[in-house]
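Paired with chain B in one complex and with chain C in the other, chain A is shared by the two complexes that follow.
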Partner chain A sequence: MSLKSLDPRITREGLPEEPDNTPVENIHHWTTFEVFHQTKKGDRHIHVGSVHAPNHEMAYILAKEQFARRADCVSLWIVKTSDVYQTNYRDEDMYENNQEKMYREAGGYKVMERINKYRKEHSK
Partner chain B sequence: MAEDNKDAIRNLIFRIADDQLIIGHRNSEWTGLGPILEEDIAFSSMAQDKLGHALALYTLLHEIGEKDPDTLAFNREEKDYVCCHFVEYPIGEYDFSLMRHFLFDSSEALRFGMLAESSFEPLAKIARKFRGELRYHTMHADTWIKQLGSANEESRARMQSALNECMPLALGIFEPSDYELALQNEGIFPGEKFLQDAWIDHITPILNAGELRMPDVGNCTPSYGGRAGFHTEFLKPLIDEMSEVYKIDPKAEW
Partner chain C sequence: MYGGGYIFEETKNGERTVEDPKRLEDFEARIQAGEKIEPMDWMPAEYRKQLIRMIEQHAHSEIIGALPEGTWITRAPGFRRKLALMAKVQDEVGHAQLLYSAAETLGKPREMMINDLITGKSKYSNVFNYPAVTWADTAVIAWLIDAGAIINQVANSKGSYGPYCRALERICMEESFHLKYGHDNVVFLATGTPKQREMVQDALNRWWKPIMHFFGPSDKISVHTETLMRWKVKMASNDDMRQKFLDMYVPKIWELGLSIPDQKLKKNEDTGIWDYTEPDWEEFKRVINGDGPCNKERLAVRRRAEEKGEWVRKALMRNAEEYTIPLS
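Let's turn to the complex of A and B:
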């Protein structure tokens, strides 16, 4: 008996009813590439996802249709995932913002009072 | 447009439109079954582009007096289609589908390139509009051909055998019509022979870059007949499946 499906294309194939569960060998896996797209000239490239491919050229033709077929796009960057230098989530605490460092942010400066005083003096 | 050119133009557009419709439908049969997810999406997306091209061409035919696009696409007799045999063949294995995509799309890109200069302005306008999409289609095909034509012995052998199988069918794309001279004289289209020569010059170096050998074209018998309405046994079941839903209620609003 072969597999019967609502999809006539599947039924036509005459596939066995039980799927083939043989694991895919490692050699059959392609590597991944990260894709960055740019919506208009001069804008920064933004990471939009990744594709499987054996090399940059193949990654490019696949990425073009995955990530640039609907949205505006003028350019793509394709980067091998293994070439991206990544930090470790173990180091997360390094990025935490110390509340006591508010003095280093622009909002920390009490300048409005001086500005208003200056405006008042010079408005007449 | 002079009245005696009208038949020539109508025939030319029908040939191109029917090719686009049938190859678009065929290639869409890979949707969900493609070799890898990314390629499945890319191939399906290009198949949709083909249907878009067919729609634009059927719409132009409608503007010059033919029936509406849906009727032209779904409700004609098999013998009224003038597509070539190449586009009718089942998708087969992916090597066949990729090779057909390469051979057919490179001929289309060249054809639309020539039509962009056509003296029949409405057709030239459509041809210019498709340029960007066709550039991607041929880049996609060329990259795969180069990749599989040189990846390893198995891929090279499979692509070479697909190429040998496809060549007589592909030559059927260029089946001359009764209107070749009229089309040339009026500057509408330089003709199928001219296109075929340009196509051979174009594909040979790409195949060679992938270590594939161009078959001896002189020894191939082109699969002619499609342009005269004589089709392979594969077209009728395709039309039936494609128009199944449409024919339940041809007057339905979509």
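Let's turn to the complex of A and C:
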């Protein structure tokens, strides 16, 4: 006996009536690729997610379907996940800055006071 | 589209991993402060386990949820509806991919999740074990099941796990079309010929029970639920979400002159809380454990798709490529 469905196409498949609990054989693990999406020319590419694929071309096809299906898109970048060099949040403290860095801010340079003093002294 | 009423795993006494109290304290403080947890961050074993389970069930629900509606693509009344239904079903499958990726960042490979789905080890939303008998059923599903899903997903998108929240934000954006599309279909039938009205009323009668089951049984306030809520894994109680759904959608159903098959359904004007006949939770349990009208068909169809696609995956396989966990 095969499975009877309300959908004639499923009935025609001749699926077994009793559930088959055997695991899927030969699980194929493709690698993963990260996808960067650009909404319009001139914008930055933004990371939007990842896809599983055997190579860049397939990754592109899947990424286009997944991330450019609805939103505006002019370009996608595909990068193999293992090629991304990333730092760990555990090492977050290495980005901590010395608070005393006014010497590299525009606001750290105040010249008017000196100019005014100079002009006052020399205008006599 | 996704079904609520996640089945969280009860942790038995003695099974719980003892966590480093200092790390746990920092972790909870971060969540309290509204920070997101990212894949590389430290997290309690229990947090990881429950999140994998929840996101995986959500992903499976998207895949299996595409089946009852998908069977109507070839029989959609008219070209425009056929296009719209194809687009919706494609969105659902796309949502599953986003969610599988989010779950993968926690350490469970996608193929393993698919295997657990096909062998019946993992659950998916119970509503998809019921059949879409007529075209009107697809209209009711697209409107009301998606409406329930949006309530659930909007709540969960404010949760604590970064990759899941980001996936949900994208999903919710896409779901808004599903909801409008479903409402449009229901309104078309409800304002149509007597035969069309009868069709949509029948479908609503069939789907009311699964809809009430949708958010899951009343959650008892257990230590378990409390922890999951503190960790922002579970964002709202099942009853709160059900009340929110009733509040938003019952008036919209009544406005079309449709009736809801529950004599007790009524909003208590003093408390603002809806009274309803308690859904049959025994049936819910029975169906989720395999004994529903479509459980066998859903899994058999999914398995057949996996088998049919195997040669393609194999032909493209490069053994030198090693699987890498996606970034976020």
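To be clear about the criterion, the second predicted complex is superposed on the first by the 68 of 124 C-alpha atoms of A that agree within 3 Å, B and C clash if a C-alpha of one lies under 4 Å from a C-alpha of the other, contacts with A are read in each partner's own complex, and residues count from 1 in each chain.
Throughout what follows, contacts are C-beta pairs under 8 Å (C-beta built on N, C-alpha and C of every residue); 3 or more make two chains touch, one makes a residue touch a chain.
Since we're looking at a predicted model, the values are computed, not measured.
Applying the stated contact rule after C-alpha superposition, one finds that A:51 touches each of chain B and chain C.
In the superposition on chain A, A:66 contacts both chain B and chain C.
The larger set of touched chain A residues comes from C, when the choice is between chain B and chain C. Applying the stated contact rule after C-alpha superposition, one finds that A:43 touches neither chain B nor chain C.
In the superposed pair of complexes, A:21 makes contact with chain C only, with no contact to chain B.
In the superposition on chain A, A:9 makes contact with both chain B and chain C. The interface of chain A with chain B overlaps its interface with chain C at residues 7, 9-10, 30, 51-52, 54-55, 58, 65-66, 69. Within the complex formed with chain B, the chain A residues making contact are 7-10, 30, 51-55, 57-58, 60-66, 69. Residue ranges on chain B touching chain A, taken from their complex, read 29, 32-33, 36-39, 41-42, 45-46, 136, 139-140, 143-144, 146-147, 151, 241. Those residues of chain C lying in contact with chain A across their complex are 38, 40-42, 71, 74, 90-91, 94, 97-98, 101, 104, 109-112, 114-115, 118-120, 131-133, 167, 170, 174, 290, 295-297, 299-301, 303-304, 306, 310, 313-314, 316-318, 321-328. Every residue of chain A that touches chain C in the complex is listed here, in rising order: 3, 5-7, 9-10, 13, 15-24, 26-32, 34, 47-52, 54-55, 58, 65-66, 69-70, 80-82, 84, 86, 88-90.
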